[in-house]
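So, here come the structures, one by one.
In the two assemblies presented below, subunit A is common to both, partnered first by subunit B and then by subunit C.
Presenting the complex of A and B:
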């Protein structure tokens, strides 16, 4: 294994992106809206493509606007379908985001004829390519750092409103705190985060970064603030572990398994998501064991 | 201008194009405790929710202390049904009670030490002083209900709207709630509860509103709780009263929806 400056930037970008996703992810999870994160991360695709088609460049602003609008559209339309069609939340989201995702793929194919846009990049991200940049610090590092800062700042400023809107939206409304607007705001922030994250980890893996750190953190803390903190730690560890596995253990093991010795390295973004999953299952098993054999330890709150 | 804590005029509420409340007229008297009583599906919770603007009303007017809710929100506290939230949520009893103070604290400002003290006082008032730091899933059903009451107490409101506070609680909680209702009234407050137990209505409350999609009767418990009114409210389904049994075949009796 050889560690270069490029590896450092890959880990830094992956970690910043994962942590940026974990923040809105925790609140989606608390709202029992994990599926909304999934839906938004898929539904932003046509928004991005339309942004490309309209502006004709890979200028980030039009694609950002398109994606956020598409994300909002998903939240609103699935809500309408849920009420009017009397179907459950998951089903109405499924209807909306699958259609939008398919539409997005078609649009990207069309857009690809006009601008330099690769469907594969959109789906799986291009972490390894994105960090190759002339500047001393790659643009994508600034970008994911900025969105992490924004999300942390918003979570800190609106902490109690987000907490109340997730726990008891009716009481929030009755006491004059507009839980509906808070949920819309969360949708917007999720869409924004997804757009920034898709460039590094791809639209499909964003869902792992949104949900898995939060789900793991729920096992570790009994306070919303604690859950947030742990989710950041899990996101960071997933990024580091994921890249290490991608460049060292992964290829060797897979190479041995398949008989090929020239696998080079695996997708870092993919391994980061896989690591997040591994961390989740480790803690799940650990918490079960603690419950079983050390119930006194469980009572302590972290 | 009316000084009634809550006045509802011809409130109509529909849910999925089906009427749930017809022309509900209601007047809650100050300084008294009122029970809203009726069969399942009678629209008791709906009445409270529609009055608070939590679900849209088709038509009608709701006034709190003679004003729309927006102007007098700090004078009104709401206690939702215990089942309406997820008690596995990662917050402590103190955190939940402090939620009653969020509006007062204001946007973007954190819960500070004195707010935590206020929350602890409210918890002590419902006999949960020792449970402030517990995560809410580690409380019994009755204790959870008392946490909800403490949250309303912390709001220091004048009118309390409670949705089924006595539903499936233990004896200790029942006593704690009753003591609380008495104290709220002694302090000049008004309490409105959705209630399901006909046996205890007259004992626990001053006034009664009988509801079955329409307001059947309202007034002092002793005047309202007549066999005739109860029959009108519960129709053939009330087997508690001998008279109701005779009426089983009565046409036009409200049916289970």
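Presenting the complex of A and C:
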């Protein structure tokens, strides 16, 4: 295994993005909106494509605006279909994001003559390429650091409101907290985080990091602040572990298993998502064992 | 353009026939299985399942050489997809059973983790010489044009199996969807039935890989059934509509992609399904927005008409039979214009006799018996609420207002029996249909 400066930057970017996603993810989890991350990351595709078509460049701003609008559109329209059309939550979300994703695939194919935008790139990201930068610290690191800082600041400022709106939206409303606006704000932040992360790490890492660290942290703590802290730790660990697996253990094992001995490193974003899953399932098994054999410990930590 | 359209539509190429038949059958099977999935509130399970097949597909691809199988063989990749799809579903059930996490969290976790592992292995495939990864693209984005005759036969068999099982176990699946706990206590094998239904969904997902691809396979499980919901409340009809809509959208999508080369077929199929959903949302016969709006307006209109008639009757009861607009206006907080138009409507319908100026009016024979019926129901209800339902007297008038409009004759008769003679004499005007002295 050869560790270069680029590897360091890949891990740093991955970890910053993962932690940035984990913060809104915890509240999505508490609101029972876990699939919203998946939905938004599919639905922003037409927004990206229209942003490109309108501006004709790969300028990040029109893309960002288009994608955030598409994300908001998903939240609002699926809400309308759910209430006015009386379609169950999951199904109305599914109808909207599938349609938008299909539209996005077609728009991208139409736009392919003007701009190079590959749906694959949106899905898998190109973390390995994004960190190659002439500046001493790659732009992508600043970018994911900024979004992490923004999410942490918002979570700190609106902590009480977010918590109340998640656990008791009616009481929140009665005590003057606009829980509807809090939910919309959460959707916007999720969309923004998704879009910023897209360019660097691809949507799959975003979907994973929105939910898996939070879910793991829920096994470890019963307080929202505790869950938030643990989810940051899990996100950080998955990024480090994921990249290690991607460049060394993964290719070796996969090569041994399948007989392809000359494999290079695997997709870091994919491995980061997978290792977050590994961490989650390890803690799930551990929590079952604790429940079974050490019930006294369980009362304190789980 | 026209020529190629007819070529496609008249199924002149063998390849078009295979692709159309395969896509249509898949659409119909997905609509059918998706109907039960929708009613079990598990629509997004299809999404997780679709994504969870990726690691199986990529691993099967990598292992193909070891077993001496062509890595492009659809059946071999489908085997891998089935195994990892079932594993994904098992993981969802495991999370749900062993932790406090909700369903949606379990779905999102399995989806992202499995897909992430799949992407990691896909990146290994992309390094293999000879650009072999291209063969997998068609399973991720869907490309029915790559379907061979044997693939189409597989789709045909699988779809017939799904349709057969759904038809044969229709009653059991219905019970499972609507009253699981009853089914359990009545001794039905709920767990095996549930597993069978999920097995059908896995089968549909595998079949759909080639048509619409991993990412959009959920669309055909969700959109046609959700659209069918607007057309019927009857499960049998809904399932048929969903199957038809699925098949038709696949057909339209395939035809469209034959005419617009270069656009992805899977996406076109999903867009036609989305179009059908949009139309159903608006004009659906049972729950469409337009029909619901019309019904709501009709109900509001009837309510207002009954209020006006009652108010006129009450004014006439207190004073002389000829009533002025101002007297009625004072009864309720209604708008003057609204009231005026309602009164002219009632006059046109022959319930009121109005002076030419429109300032005063009187209930005529038909109007009087209609108003008498309404007031009687209202007061019977008031008495019922006061004497038998323990409602605070101050609230009675409002409650009575809301419910009198839905009172039917049988309930009115029942109330008459319930209430004692004295109350009836005192508060209730005589029944216009019975000749009372």
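The rule we apply is simple: the second predicted complex is superposed on the first by the 298 of 302 C-alpha atoms of A that agree within 3 Å, B and C clash if a C-alpha of one lies under 4 Å from a C-alpha of the other, contacts with A are read in each partner's own complex, and residues count from 1 in each chain.
In this section, a residue touches a chain if its C-beta (ideal position, glycine included) is under 8 Å from a C-beta of that chain, and two chains touch if they have at least 3 such contacts.
Model, not experiment: these values are computed from the prediction.
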Exercise. Does subunit B (first) or subunit C (second) touch A:7, or do both, or does neither?
Worked result: neither
**Asked** When the two structures are overlaid on chain A, which partner does A:157 contact: first (subunit B), second (subunit C), both, or neither?
**Response** first
When the two structures are overlaid on chain A, which partner does A:32 contact: first (subunit B), second (subunit C), both, or neither?
both
First (subunit B), second (subunit C), both or neither touched by A:82 = neither
Per residue count on subunit A, the busier partner among subunit B and subunit C is C
>> Is A:218 touching anything from subunit B or subunit C once the two structures are fitted on A? First, second, both or neither.
In response: both
Check your understanding: Does subunit B (first) or subunit C (second) touch A:175, or do both, or does neither?
Key -> first
Would you check which partner chain A:226 touches, where first means subunit B only, second means subunit C only, and both and neither mean what they say? first
Message = Let me test your reading of the model: by the given contact rule, A:166 touches which partner, first (subunit B), second (subunit C), both or neither?
response = first
Subunit A residues where the subunit B and subunit C footprints coincide 32, 86, 218
Residue positions on subunit C within touch of subunit A in the complex are 38, 41-44, 46-47, 59, 62-63, 65-66, 91, 94-95, 98-102, 104-105, 107-109, 111-124, 127-128, 141, 215-216, 218-219, 222-223, 225-226, 229-230, 262-264, 266-271, 273-274, 277, 281, 287, 289
As the complex stands, subunit A meets subunit B at residues 30, 32, 86, 157-161, 163-164, 166-168, 170-177, 218, 221-224, 226-227, 301
Subunit B contacts subunit A in the complex at 16, 49, 52-54, 70, 73, 76-78, 80, 84-86, 89-92, 95-96, 99-100, 102-103, 105, 107-108, 110-111, 133, 135, 151, 155
The residues of subunit A that touch subunit C in their complex are 29, 32-35, 37-38, 42, 81, 84-88, 90-95, 98-99, 101-103, 105-106, 109-110, 119, 123-124, 202, 204-205, 207-208, 210-212, 215, 218-219, 246, 250-251, 254, 257-260, 263-264, 266-267, 269-274, 276-277, 280-281, 284, 287-288
